[in-house]
Every structure is written in structure tokens, then in C-alpha cells.
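Order of writing sets the chain letters: A, B, C and D. Residues in each chain are counted from 1.
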Amino acid sequence: MALLEVKNLEVSFALRHGDLVALNDVSFTLDKRERLGVVGESGAGKSVTGFAVINLISKPGRITKGEILFDGKRLDQFSEHEMRSIRGNHISMIFQDPMMTLNPVLTVGTQMVETLRAHRKISKAEAEKIAIKKLELVHIPSPERRLSQYPHEFSGGMRQRIIIAIALLTDPAIIIADEPTTALDVTIQAEIMDLLLELCDAQDMALMLITHDLGVVAEVTERVMVMYAGKVIETAKTIDLVRNPRHPYTKGLINALPGHGECDQENRLQQIPGTMPNLTEIAPGCSFHPRCDYCQDICRSTVPELRQIGESKERWVSCHLVGKGQL
Amino acid sequence: MKGFKIISLLLMLLIASTAGAKTLKLAMDADPVSLDPHVQLSGGMLQYSHTVFDPLVRWTQDMKFEPRLAEKWERIDANTMRFHLRKGVKFHSGNPFTAKDIVWTIDRLKKSQDFKGLFEPFTSAVAVDDFTVDVKTTKPYALLLNMATYVFAMDSVFYTGTDANGQEKDIILKTGASFALDNESGTGPFIVAEREQGVKMVYKRFAAYWDTKSPGNVDEVVLTPIKKDPTRVAALLSGDVDFIMPVSPQDFKIVGNAKGINLVTMSGGRVITFQLNQESRPEFKDVRVRQAIAYAVNNEGIVKKIMKGTATTAGQQGPKGYVGYKESLTPRYDIAKAKELMKAAGFEKGFEVSMMAPNNRYVSDEKIAEAVASMLSKIGIKVNLKTMPKAQYWPEFDNRAADIMMIGWHSDTEDSGNFSEFLAMCFDKDAGYGQYNAGNYCNEKVDALVLGAQVETDLAKRAIMLQEVEQILYDDAAFIPMHWQHLSWAAKNNVKLEAIVNAQNFPYFGDLVVE
Amino acid sequence: MQTKRQKFKESYLLYSFKRDKVAMVSFTILTIFLLAALFAPVLAPYDPYDTASIDIMDSEIPPSWVADGDSRFFLGTDIMGRDLLSTMLYGLRISVMIGIGAVILQAIIGIGVGLVSGYMGGKVDAILMRIADVQLSFSTLMVAIIVSAIVQLTFGVGRYEQLAVPLLVVIIGIAEWPQYARTVRASVLGEKNKEYVEAARVIGLDSKRIMFSHILPNSLSPVLVISTVQVANAVMSEAALSFLGLGMPVSRPSIGSLINAGFEYIFSGAWWLTFFPAILLIIFILVINLLGDWLRDVLNPKLYKG
Amino acid sequence: MFAFIVRRIIQATVVMLVIGFIGFSVKHQLGDPVRDLVGISVSIEEREALRQELGLNDSFLVQYGRFLKNAMHGDLGYSFFYKRPALDVIFDKAPATIELVFAASLIILLISVPVGLYSAIYPKRFFSKFAMGVSIVGVSIPVFLTAIVLIYVFAVQLHWLPSYGRGETVDVFGWESGLLTIDGLRHLVLPSIALSSIMLPLFIRLIRSEMMEVLETEYIKYAWAKGLSRRRIWMVHAFKNTLLPVITVGGVQLGILIAFTILTETVFQWQGMGFMFLEAVERSDTALLVAYLVVVGALFVVVNTVVDIIYGLINPTVTVASR
């Protein structure tokens, strides 16, 4: 049994004109110690997927269909109170911008201790001890002193380390990292990513890495899920996906990476023409068809199913044309 | 809250009926500016003086003299009056009251900036023995007894010597700290127990008060100044105070109709007038123009509408009861006649004048001025009216800054002559006459009559002289009289205020009965 | 691009206006009030400034539908015998004049100071903003009360009366400029660092002109939002001053001085003297505030707090 | 910190000097105080003598020089009406005003914080919409009207509460306090409600909008993701951040509150500094006017300094010295 299993998840935002479907029939699994990458352009629904797992979708959004199973339990049916014992305890999150994530008026110590004490019945002193240990794990020098400092006294990289330390506090089973390095300086991005991977391995944690950067995903994850306009369009082992993307959109993404794709002799970055549609104006049929080079009539009229392709059980694609000789 | 209120009320009633201690909560528009009765000659200070001190004689409701510290008096010669003083009277300090104190008090009055004018005819007071005083004047003086109402005996022993600052205790200072500012020792029915200027004043009954026949049964008076008219009325209506004075005209209806509240009014001696400046505005030199204005002004309307009937329309200076009062001199509202007079004077098309009035000195002063301005516009006189607080008004008045100026006058001597001396006589800075004659009206005949009346001791002759003055002023339309303000007081029904009020507006709180 | 965005904004403004009943009703009432104020001399049945037409015998007549009412005076008359409706219309006119005048003055001073402060920076900026801070901390009403008390005493009430309207405009205007100055300064600082200004400077264009041509449109929505609220504030300040006897004289009353005059009669049974002007004032300020709120929600400008 | 205080003192001095000069430069034109001191029939010469005695006839510069010299010694002149040093009079009146402002601030705090937070957390609920509706109407009603209505309803019609004045006061080390007697507290109710009525709606709206903004931030979302309790998130994480702008604005509003005491005290005949100020204007008691301006100026500077210090204590990213 997978550690986390999401089935046919649908998330909608209730707006004045009616519901806006942000996630449509999203299903995936995450095993223990597995590293899953979720890739897509901004607005594709990858962050919503992450937040949906811990039932923390911003208003007026809500889960309208589907199941979320964690350790066999239906998280989507949990009460708010029960959910709190999952968040930050069994499933931790790392947010994109460390500058905005920590509360500016509370000390780092307070923000760590409160997390521990929300989930464990321990004294403040004990909590501080654990906090110091975790800060050491993320290589923060002189952690005792640092506990009493405020977020603004740390650099961006340091803050993200602290956030990782907070995520580790309760030894969670899953870490959901939503673009953990995007807001950081390029020079320390790799450093933080390495630290995160190292700790996941050491602590036996599963990682759900949400990012727009297929390059990072290719390097660090085992499996990948590509999202477009609120849907999963392709999912595969990372190595398979990178070597042999099937969905035209994935192909485009891979081609856009430096050092990949058909034109790599010329080393030219290929762009996918056009932009991802706004969720309110999704075209009928395949939502990618307006940008697709291979677009055919069926693409314009019928929504493609996500179906298994080829021999690997883990390879699924949502495209009418894939495996029918055309692609 | 309501429950608490009822309980506290019951408690109060309980205490009142068993112990008999009676407190009067009094709200006035202002509190005394000082504890020194000689520091200012004003209604407020005289009200205070009647509460804490006793005069030689005082006015009764029917304008007679009532013996107080003087039991009897007799005229010895044309220039001397002998007063026989009450025996066994004690000051608040415990010192006995004797003739010495009267002599000392009159001496001090002659030093006071405010009173020295009134006591100018007095040469000296001489103690014949401990309880007899001879008061001498420079010339035969008809108003000597009127002046005796201002002689509030002060404790000469108490006020002699130097205070902690080394300052003479009897010094009269208008703007600085003095002994008499914060300390009092009179013979009056109440002692000042507590004073916070502008906030509160507490009087306690003087246990050794001489007048044991007085029915007064109030043990404590708490005076709170409440300046705004509606707030003062609200305080009475909400039961926070027992007694308010004055009551403004617009509140007569609600106060009069309120259950358990008694409203008393009485015609007073303050006349409200407008003066027409003949120097700044040559048109006013023409008697027809002045008369036209007198005809254009609807005194009746103003009294009825603005004063809500709380004033008596006036055609002359002194009200009924004053010696100079002449029944026939009544207001003469007649627009047609006024227009005719304007035409006759050659001002059919009218002209433009300026007018000034205070807005916080007399009852509804600003509104009266506005109404008059509107009335004058009906005969073609366009009035540019400016109203201002009294602190700014008096300097303007001194400068005769506008063509028409409003002035109210109350005779300090309760005598007709006083009006003319200040308002109608030709301006003479040295003699001090016509000081408030902003109309610059000047008539030798009036001057001669008024001066003659000062020394005329034959009261019948004197009355004829003063009535003639009023007649001349009326015919000349020397000024535009409006009305005499009424005085007004209101209290809860258990406060028997009718018995203690008078036309001078000196309520005798010592004699007040609270049931 | 600029015009497109502008168009979008406009259509959005209109769109949300049409959807918001409160905004529509407020706007309608405000328009009626402003028109009534503008055309007071035409609309008012009587001229309250014409003393010859006023008769003291007509004073304190209750509204026409009440017993003792007089059909000549719809809302009754005041203590001087003036038609209350006409006096209120003229009063509204004066209140509106003072309110809008004061806000225009504030805006001129504030925008000027804000531009100078933001553009010059350094010492000039520090001093100007310090002055703004001090003045803000002194509270505008306080400044207005003190200034008008002093002015009134200095000029004497007599002369004050003729100058009352312009003086009140100046007093209230001077008291509230820092609001604008801070907002505009923030816009200038924001714009100053933008690349196109740098670029313009590098290629030798007049960066000042480019900058200001961008800054003013950018500060338009905060200035608009501030202005609505400020008009309400100015009218309130004027009413407060008048209530203290430091504002408009009774002979040329604003709404505030009408309430003040009526306050003396609050127990006299002449309730209409206070009631109608008070209701007029409250509704007037309420609709401006409601519109201001709506504008703030729609435009959502970056306002300087404090 | 030291530099900060020195700077503040210099600033305060400049403000005081400016106020002193403004107040003073118009002083000898502020009507004639002598007329209020003497009876009406006093002669012109007597009045002139009194003016001479009061030094009102000296030249402007002489009078200003004297004023500055005396001010150095803490003497801001002598009130003509009270016949006492102006500062003494003001310090006697200050407790009344301070207690009124204190009571009003308490009412504002106790109501605006819970209501503001509630309507930010549950913006769609009926009570929140109701509170917002009431508050915008509240903002639009001038404070003097509120005061009049309160007096009319609770004092005149219902007889529940007194309509004017401070009631019974107790002297606590020279501080006339009305907070210690039942009568004093009863007198405090209506004026403090009236005074708070102007700021209360503003604060509810301010706290609500700030709180709503804070609730949208990343760090609050993160706090949810950490599995913290609602209480902790709202009361610690969100509220503390909401406080920052509220304190800044609050400092300014406290100044406005002091200004509004002039209105409230006038309607309720509350014997405080504001009431005294207006009376001094009417009486042309110029020394008192100038002293009032100086004291209120000093009060504002102190309040702002305290607000800045508190702000610095709550907001770790700001050090007091740098402001």
C-alpha cells in the first residue's frame, strides 16, 4: 500500500459566476521514501495539489471530489481538528519564499517550539533541545544563540534551512516542498536542494517536490508527474520521461531544457509557443490543443483520458495521439 | 444602574428625614471669581456676598430696605446718616462684629477699583461707639441707603496683618493671589467649605449665625457652574441638581411643564438698548431718522418670539418701580410711520450702517441683534451686523467701532439716575460721565437734570426731574430701548424658591426652605 | 498598453459600480446633494441672507405637516424666522464649498510637497516628512481649532465673519496636507527606481518629465480615494468648528452652525431645528464614506497608513 | 536609544518654541482681558492702570522676552481669570482630561479588538456585516451629535446617568481622580462613550482590514501548514502582526482623541483642559491659551515617542534608535 494515495481529486473554487475547477481528476501515489516530482507551469495546479493533500486550499477553494488516503486513512474526510494532527506532524510543507514564510515578529525559537508543542506533549526546554538538534542537522552555526533571533536577522538561504529544520522537527513521513529553491540565489539553490535530499534519505522521508523546473526534477526525483491546466497529462519514471517524453507538452518542456531534445547540436532552447490558458477560458477537448503542433480534430472536440502506455505500469499519458502511430 | 439610583435616592431621603441634613445642589452659569467681595462689582459676586456676608441693609421683594446688620438708621444732618448696629453678631472666624468692622469695610470699598466710583460721595465713616456708626457724604446724597446694601461687613481683625507671603491681608488684587482671594470671614449664613474655581463651591451653614428667626433650613449648598444653557437645564431635568439659575427663554416651556419642577420669573432691572452713533453716521443726527428706527423696531415681537415672553418691552431706561419711570413712555412700533419719517428726513432710499453686538453677554443678545437688523432693512437701512464674545466686544465698544452698538444696563444703585449718568450724558472722560454713551448723544438739559437729581434729597422733586429726563430721551429717540430682561430661576418643587428671590437677582439662600 | 489597461480599469470600475447597489444609491444621493448645493439659490424657496424678507414673527414654526405648521415653510422655520429648508440648502452649499475647497488646497499642497520631497530626497525630504509627521501627530482637528481660535481672536470676530469661508478653507486645508504628501512621495520613490527612468537618463532624455508623466497617473487612484474621505473629513471638521462657535457665523450658517444654533433649543420642543440639519449632515457624510469605501475596494491603491 | 531621545527632545523644543511664538505673537491682539476682570462701571483710567500693572502695555518684544525668560523657569504666565500660574491651572485640569481619554481608549480597545478580529476572521457572518455597517454609520456621525443624543436619552429621558460634570472626585497624591468613586464613574460613562464613538468605528475597520491582510500572508498559511491551533494562529501569529500598523495609527489617533476632548468636554461641561481651553478663548485668558498649546504640544511629542518605543519593542525589524 502506498503511503499517500490520491484518487480522482477535484478541487473547485466557488466564484460568483459558478465553480471554477482548479484540479480535475488528479490521481497519484507516493510511496515511503519515494521522491515524486510535480512539474508544470505556474497555474497548472501543482501547488493546489500540494495544499490539497493537507486540506489547506485557500478560500473559496475546496475539494469537491475524490479521495486522499494517507496511511490508509481518508484525509479528505478528516475534521479540521484531526487534520491539524497531520499537518506539520506527519506531513510537513516547505514553502517557496523563505522571506515570506517565517513570521517576522516571532523568534525562530518560538516558531520551532510552537510546532513541536502543537504535536507533542513536551516542555519548552525539551522542545528547544530538539530544535537545536534539528538546526544542527541543517548546518546552522551556534544554534542556541540563533533560537532567540528574529527571521530578519538571517539570510534567505539560512531561512530556508530553518524552514527545513522546522519541517524535520516532528520526523514526518512526507515532506511537500513547493518550489523550495526558486526564490533563492542561484548559487545556493543546489546547496539547499542537496541538503533536503540528504535529510530525506537520512530520515526515511518521502518527498513531493513541486517545481516548474524540469531540470531539478530530472536530477533529484524518481518519478515525475506533469500537470497542465489542472490535469495530470503524463506521469512516468523520471528517467523514462526525460529520455522519452510522450505528450507533446512534455516534449516541449524537455526540449526547452538546455542540452536536451532534437536540436541539441545547435544547443538552442526551444520554446513552446503560446501560454497556458487561464482556468476560466479552457478550450473544449484537449486543453493543450491550441498550442499543440500535432493538433487534430479529435483533440478539439474530445477530452483525452489518462491511459497507460507501453510496458511500464508507471507510464501514463493523456493524449489522443500517443501510441496510435502519430506520436 | 436604575436600581442603584432608586436605592441611593431612598437612602438620601432616609438620611434627610432622620438627620435633617439638607443639601441644595445649585447650578449657576458661573461661579464667584474670588472669595473677596470687593474684587469685582458684578451680579455673581454680589450673589456670593449675600450668601457669605451680610450687608447693613438689603432689598426686599417689594424694593424696600430690610435691616440686616444695621437694626435702625437715622439722618443726623444733610450729610450724615447714623446706623445702629446689631449686637451679638459673630464672624465666621469667631471674632465679634462691631462698628469698627463697618468703618474698615467702607474704607476698603473706597480703595476697590470697582466700588470706589459708587462710594465716591462718601467722605468717611466714624464709629461713635461699638454699635453705632456715622456715615458722612460730601454733599446731600439721596442714595445713601441704596449704597448701604453694598456694605457687606468684613472681619477687620481677620483681614489685618500679613499673610504667609508677607503680603498685606487686606490687599485687593484682581489678577494675583491674595489672602482675601482664598479666605473669607463674614457674618453671613454660610461658610465656604470648599472651592475649586470653575468646578465647584461648597457652602456649609454657619452654626453661630445671628439670624435665628430665619426659616432657612439648608445645611449645605453645592454650587456647580454650568455655562451652557441646555446642559444646565438637562442637569435639573435629570435630577442632578435641585436649583438652576438662570433659565434661558427657549427652555421655559420644558422647564415649566416638567413635573415636580417650579419655574419662577420676575421682571428685572436690566434694560437692553441700541445706541445710534451720531458722529460716525451723520444720518443719526437727524432726530427723524432716530425716531424712524424707534418706530421700525418691533419690541413686542422680539419679546414674544426670541425672549419667549421672558422680558418686558421697554420704551425708556428704568423699569417700573424706579423713580424716573413714566407710564406713558411705551414702545411705538409702526412701520408706516417709520417709513414716513425716513421719507421726511430725505432717506427714502435708506442707507447702510454697521452694527455690533456681543453674543454671550445678555440673554439671546445675538438673536436680538439679528432681529433688529432684519427689522431695519424693512425701512431701507441695510445693516452689516457683527457679533462677538464679550471679551472682544468691550474693546470694540470703547472704540465706538460700529454705527449701532448694543448695550444692556443694570443700575448698580437701583436708581434711574445711574442709567443716564453712564448711557445718556455727554461724554466727559474726566468726570466719568457718558462712559458708555456710544451714541455720542449730548443734551445739556439732560446733563443738568441728572446732575441736579444727584443732590436733590426731596424725593418727590427728584422723581419729577428724572422723569423729565426719560421724556426728553424718548422724544429725542436718543437710543432704542428694547426690553427689560426677566430674571428666572427653577428648582424642584420641594425647594421653596419663591420666598428668597428678588428683582436684584440676589437669592437669599440663608432663608431658603427645603422641604 | 497603457490605454488598454486604462480602458480595462474603467470598464471594471463601471462594472463593479453597476453591481454594487450601495455604491449606486450613495452616488445618486451624493449627486442630488451636490446639485442641490450648487443650485441652492434657484431651488431654495426663500433667500435666508435677505434680511428684509425675514419676519421675526415667523420664527420657530414647526414643519408643515405638524400641527401649527405653515404651508409656506415645508420644514418649518428657525429662531430668526428663516425658512429652514432654504437655510439648510444654503448651509449645505457652504459646507460643500468649504469641504471641496479645503480638499483642493490640501491636495495642491500635499502633492507639491510629495513630489518635491520624493524627487529631491536627502535633507529636503527628511525635513519635509518630519514636518508632516509632527503635523499629523498634532491631529488635524486640533490644528484647525487652534488656528481658527487664533485667527478669530486676531482679526476679531467681526472681520472674521466676512472672511469665514476662505479662512475655513485655508485652516482645514493646511491642517490635512500630509496625507497627500506621503502618498505622492511613495509613488515618486516607487517610480524613481524603475528601469525606464534609469534608461531614459542613460540615453540623455529628460528623465524628470518622463517620470512625472508616469507618477501622476499612478498616484491618481490613491489620491482619488483619499480625496473622497477627506471631503467627508473636511465637512466634519467644519461642523465641529462651527459647533464650537469657531466656524461659520449664524448669519451665514453652514450645516454645522445650524446644528450648533439648534442645540440651544434641544429642550425647547423645537426638535426640527437640530433634527433636519443633523440628518442632512449625517447622510451627506455617510454617502461620501460609503463611496470612498467602495472606491478603495475597487481601486485598491497603496495608501500610506497613518 | 540615547541619540533617539536627544533628537526627540530637540524636536520637542523646536515645536514648543514655534507654538510659543505663534501663541505669543497674537497674544496682545486676543481681545482685552481687563474687561472681564472689572465691573462695567469702572472708569477708563482705572482700567488703564490695571493694564499697566499687568504689563499689557509693553512692546511686543519686551513681552516675548519676558515670556521666554519665564518659560525657562517653568513659568508660562499667569492666568488672569484663575489668578494662578497658568501651568498650575492646567495641571489641575489635566487629570480630568487624561481620565476621560483613558476611559475612552479603554472602551475603544475592549470593543474594537474583538469586533475587528471577529469580522476579519469571519467576514461573511451576519455579525461582521452588521458591525461593518454600524461602524460606517458611526464614522459619519459627528461626536457632538452623539453626545447630545446620549444626554437626551440617558440623562434627560431615562434618568439613568448624570448629564454633566465629573461628580465626586478623590484626591490621590494631588491627582483629582473620578475613577475611585461610584459617582465619579457614573459621570464618566456618557462622556467617555461619546468620545470613543468617533474612534471606535475607525479602529474596528482598521483592525479588520489589517487582520484580513495578515490572514492572507504566506506566514499565516505556513502556520496552518505547521498544524498549529486556530487560537495560536489568530491570537499570536496574526494579531501580533496586525498590531504593528494599528499602533502607528493609534498614536496619531490618540492625538485626535485629545483634540476631540474639546468637543466632548464642552457638551458635558467636563472640567478638563479642553473645556478650559475654550473658556480661555472666550475670556481672552491669553496666558492660559499659550500654556495650553505648549502643554498639549509636549503631550503629543511624549505620546509619539512612547508609541515609537512600543512599536520598536513589538516590531523586531525596527530598532528604536534608527527612527
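Here, contacts are C-beta pairs under 8 Å (C-beta built on N, C-alpha and C of every residue); 3 or more make two chains touch, one makes a residue touch a chain.
What you see is a predicted model, and the numbers here were worked out from it, not measured in a lab.
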Check your understanding: Through how few touching steps can chain C be joined to chain D?
Key -> 1
**Study point:** Farthest-lying chain, centroid of Cα atoms versus that of chain B
**Key:** A
Check your understanding: If you average the CA atoms of chain B and of chain C, how far apart do the two points sit, in angstrom?
Key -> 46
Practice item. State, to the nearest whole Å, the distance from the C-alpha centre of chain A to the C-alpha centre of chain C. Key: 53
Check your understanding: Which whole number of Å gives the spacing of the CA centres of chain B and chain D?
Key -> 39
**Study point:** Of all residues in chain B, the ones touching two or more other chains
**Key:** 234, 237, 389, 392
Practice item. Check each residue of chain D and list the ones that touch at least two other chains. Key: 31, 152, 156, 266, 284
Point to revise | Per-residue overlap in chain A, given as positions that touch at least 2 other chains | key: none
Point to revise | Contact pairs between chains, per stated definition | key: A-D, B-C, B-D, C-D
**Study point:** chain C-touching residues of chain B, taken from the complex the two chains share
**Key:** 229-230, 233-234, 237, 248, 250-251, 253-255, 298, 301-302, 304-306, 356, 359, 366-367, 370-371, 373-375, 377-378, 383, 385-389, 392, 396, 401-402
Study note, to complete from the structure: The chain D residues in contact with chain A across the complex are 217-219, 221-229, 232, 236-237, 240-241, 244, 314-317
**Study point:** Touching residues on chain D, where the partner in the complex is chain B
**Key:** 31-33, 35-44, 46, 50, 53-54, 78, 80-84, 92, 151-152, 155-156, 158-166, 182, 186, 266-269, 271, 276, 279, 282-284
Check your understanding: Any idea which chain C residues touch chain D in the complex?
Key -> 130, 133-134, 136-142, 145-146, 149-150, 153-154, 156, 232, 236, 239-240, 243-244, 256, 259, 263, 266-267, 274, 278, 281-282, 285-286, 289-290, 293, 305-306
Point to revise | Residues of chain C defined as touching chain B within the complex | key: 51-52, 54-57, 59-60, 79-81, 153, 156-159, 161, 249-251, 263-270
